[in-house]
Amino acid sequence: MNKFWRRFRRNKLAMAGLVILVLFVLSAIFAPFLTPYDPNRANLRERNQPPSKEHPFGTDDMGRDILARTLYGGRISLSVGLVSVGISLSIGVVLGAIAGYFGGFVDTLIMRLADIFYSFPFLILAITISAIFGPSIYNTMIILGVLSWPGPARLLRAEFLKLKTTDFVAAATALGARPGRIMFRHILPNAFSPLLVSATLQVASSILSEAGLSFLGLGVPPPAPSWGNMLNRARPLHVLAGMPWMWVAPGIAIFIVVLSINFVGDGLRDAFDPKQELQ
Amino acid sequence: MKRMVLAAIIFCLVFGAAAAAQEPQYGGTFRYGLTTNPRGMFNPVLYTEAYDAYVIDLVFDGLISIDKNLQPQPKVAKSWEISEDGKSITFYLHEGIKFHDGVELTAKDVEYTYKTILHPEYTGVRYGSFAILSGAEDYKNGLTDDIPGIQVIDDYTIKFTTDEPFAPLLVQFGYGILPSHLLKDIPVGELETADFNRNPIGSGPFKFVEFLTDQHVILEANEDYFFGRPYLDNVVFQRVALDALPIYLRQGRVDYAEISPENYAEVSAIPGIDTYIYEALSYSYIAFNMRQERFADPVVRQAITYGFDRETYVEVLREGFGIIANAPIPPASWAFTTEGINEYPYDPDLAAKMLADAGWKPGKDGVLEKDGMRLEFDFLVPEGSRVTEQMALLFQQNMEDIGIKVNLVFMEFSAAVDRVDAREFDTFTMSWSLSVDPDPYGIWHSSVPWNDPGFYNDRSDELIEMGRRETDIEKRKEIYAEWQRLINYELPTMFLNYGVTIAAVNERVQGIETEPGPTGPLVDMEQLTEIWLKD
Amino acid sequence: MWRYIIRRVFLQGIPVLLGFTFLLYLLLTIAPGSPVSHLRGVPNIDEAVIAQREAQLGINEPFIVQYTKWLGRVVRGDLGLSFDSSRRPVAELILERMPATILLSVCAIVVGWGIGIPVGILSARYQYSIFDYIITFFAFVGISIPSFFFGLILLYIFALKLNVLPAGGFFLAGETKTLLGYFQYLLLPTLTLGLSDIASVARYMRSSLLEVVGQDYLRTARAKGLSENIVVYKHALRNALLPILTLMGFMIPSIFSGAVIVESIFAWPGLGLLAIQAVNERNYPVIMGINLMFAVLIFIGSLIADISYAIADPRIRYE
């Protein structure tokens, strides 16, 4: 672990990403202490104001403070990212491990199921589900999570297939270790690193997917702020050009956070896998 | 009562106006920018989408056309006659009008068009508009083979009859006339898949050339148009991305487009682009579910209306594009009235007092209560419109100020419609686009399915029925004025605003209507026959 | 290999498609909103007309009947008629839009891979150099911008400010289709759609190459005294490119999903608009048709991915 941490620390981009990420998470958690404004309270006398002392990031078309909305939006966007990946991991790890370990019919069944989910064109299902249950933060999380479990499942299964043929598992089996024991003692720890890397990257892509859904009017519903639906406010070109403060804050927030997560993910990958170095 | 209108009048007006300006030039392509492409159902009796209608209006001509004051004007019918008892209309057709394939248009074609709508196997949606014709119901149900209400007198005369006088009928005869010689052998049930719908042949000022899905529709001038060849060589409906519409206008890639209030400032600043603002035949509203006891008392509905700052909604959120509405007939209609109409100006104190006087008292959490009822309710808002979403937020805040708790429920449009149809709502917001005739029967009569608020009022029904039977327009005005006062008091829905539309036009386009009526600077698309392009 | 493919199609592909269409149709029918919801706006419409329409479309029947009928038609090669007012055959609606979507997707893939692969190679070759950092940084930037936002910015700069490119669409009516024209209309949508691909292909390429380079046989090659350039470009590259191929299969669904958004920004006349419109209107046959087609494409993609995976890693064998 120490060695891993040393390697990770040496990657400056990854370290910077980690620090920024922690800052964003903290600012989202402590949002109420950082701004006096209610992110949802409209004040029509103060619409469309450029940044000022009272509103450091300006106000939006309902006179809501953009700093407040960006901070509170961080709560929503970050939790959409984390929870959806949590959902996808819990399903994917269990099914992928079962499939990879047992193989045969169980494997076929699970992988076909994965194929079915994989075949769902993401947007269409997202639209349909949000219509059935009504659009909400939770449904966005569930949609993003449930649709992406085949990713981790395939990954874990592939790791299993690879590791099953390695010497030490063969040795363990020969020594009479039980299946469950092999699976959790030997294989899971080995599969941990690629899984963590892919989960990290998936948090980033979930945050981006939420933004994409917002563009189609299917993401986190108003009036609650998410970075995605705030950024979508830049859509009329005159806002894009004439009122940059409306999109700069959420845009930079998405960008920096996704970037940081990617740096961290990449740093993790390099740190886990010392092979990847040219002499 | 007899009324004769002559074609000559409108032609004098048109040519008079054009001559006063500049000598019109022939030639050129007029590009109309659409953010949604037509579906490709270019059949006057089967289409349902407005964009298909744009094409149909140019390719086909109807018996009558509607002018900018929403009054009927002669077209294929050079004149008409309404019988003394108000139960029949006789149309006299021009002789020598030809379809684009050279075959003459006669009363047979008119008969075919309207009989198709009433046919038992007809798959379109227009039956309701003509069910009133004598014998239509029996024919629709397959009991008879002909309709006494449609009578071809000779090649150029056709008579429509109803059992009761029915004032809104005349203006419904604008649907394009189909060429029966091309269609009569196709079973009506299979008409919707006919190739004709994608390659329409009518008698209108433009011929259909090409429809490319999601890209464009091209039309060309009908050289032999009965009413004179249009100045333009081509009309193109060009699909344009919503976000990029202002760029298209600026680059001169489209000559005409309807724009949203949001884009107004940007587009009106483009040199060489003129903008026209006009009142459309539509209004937005918030409906109360009057089947619920808490909304049964008109005082509650009135207080909520007083308590909502509609001035801010129209002036700030809609940026002034809209007119506060207080009754369901828009100013664009001849039946509009302000006489005796309460404007319900924003007055939260009055709203609070009215509710207090009616016995509503704040509960533990400050929300008003009375006899076990609570003024906390869901507000169903279809997603997609930014202004509507802002309006909902404003409504929620305004209501909070007077002790009413509103829970916003945002929903995708089709899903919201489902809830409304199932009557599973407390309040919701939507808007209505209205037809040319002000007859409110289809939305407000107790018997109709679209009476969403559940407004059942004997006097209202009586007035609505009277209005349909009355053929004297002045008397109809009186009836509708009284009806509007009744609705304005009862407020089964809170009226938000009458619609306003903005059109952006390139200045090279000449001959448009500079003081537009409810249909805009292009009156009924037919205006395109008078438009020419300056180079 | 061929026996594997055939088995895969019949024993796995077809059951998957059956399960998928069954679930999707079920979701559609239990979703609120009906294909006749939009008729609400038609003036003077009669309730009986709506009932008649429902009967005509067959949507008043129970789910299982509807699905079986739909499946029966599909097996005979008929995707049915669209529910909207145009009543056109679904296959026709899809086929006339397919070329545009495929053209855009292929261009995006070509750009993404054409730029991504060389950049990834250089980045790996000079790992932890300034060049690597710059490339890595831009690659990260590329995958960190929501594509709709990138598209809007491109529109703003090139169409509005510089006024050098059209603001979308695909040739005006009557415009001559020149090669330059294709380029002009394709450039912005392709960049928007391809951006994240350039970035992710570059990153995959980089790490794939790094992995191969660390392996024993290359150590041997180095030990033999071969120069680093020859080791990387000649020996490692061939082995590193194979796993990248598997990526192609996984990228097909995301390219198509991305196309939905890009097409709506640029009014690109492809399937995206049709798909969104169909879902909003609950146009079951069109939704089913588009999804079925995508599902088939995605299945083919995953098949290719699995096969190339097997080629890339001989330790995995198909029983």
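Read from first to last, the chains carry the letters A, B and C; within each, the first residue is number 1.
The working rule: a contact is a pair of C-beta atoms (placed from the backbone, for glycine too) under 8 Å apart; a residue touches a chain by one contact, two chains touch by 3 or more.
Predicted, not measured: the structure shown is a model, and the values here were computed from it.
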Result of counting contacting C-beta pairs for A-B and B-C, higher pair: B-C
By mean Cα position, the chain sitting nearest the middle: C
Distance from chain C to chain A - Cα centre to Cα centre, in angstrom: 21
Centre-of-Cα separation between chain C and chain B, whole angstrom: 40
Where chain A and chain B are represented by their mean Cα positions, the distance between them in whole Å: 46
Junction residues of chain C, two or more chains touched: 31-33, 152, 155, 160, 264, 280
Residues of chain B touching at least two other chains: 243-244, 246-247, 412, 414-415
Junction residues of chain A - those touching two or more other chains: 127, 131, 235, 237
In the complex, chain C residues that touch chain B: 31-34, 37-49, 52-53, 56, 81, 84-88, 93, 96-97, 152, 155, 159-160, 163, 166-174, 264-267, 269-270, 273-274, 280-282
Residues of chain B defined as touching chain C within the complex: 29, 31, 37, 39-41, 46-49, 52, 123, 125-129, 131, 192-193, 197, 210, 212-216, 218, 234, 236, 238-241, 243-244, 246-248, 250-251, 253, 412-415, 417-419, 421, 433-435, 442, 449-450
Residues on chain A engaged by chain B in the complex (per definition of touch): 40-42, 44, 47, 61-62, 127, 130-131, 134-135, 217, 221-223, 235-238
In the complex with chain A, residue positions of chain C that touch it: 12, 15-17, 19-20, 23-24, 27-28, 30-33, 124-125, 127, 133, 136-137, 140-141, 143-149, 152-153, 155-156, 160, 203, 207, 210-211, 213-215, 222, 228, 253, 256-257, 260-261, 264, 275-276, 279-280, 287, 290-291, 294-295, 298-299, 302, 309, 313, 315-316
Residues of chain B touching chain A in the complex: 243-244, 246-247, 262-263, 265-266, 312, 316-317, 383-384, 386, 389-390, 393-394, 397, 408-412, 414-415
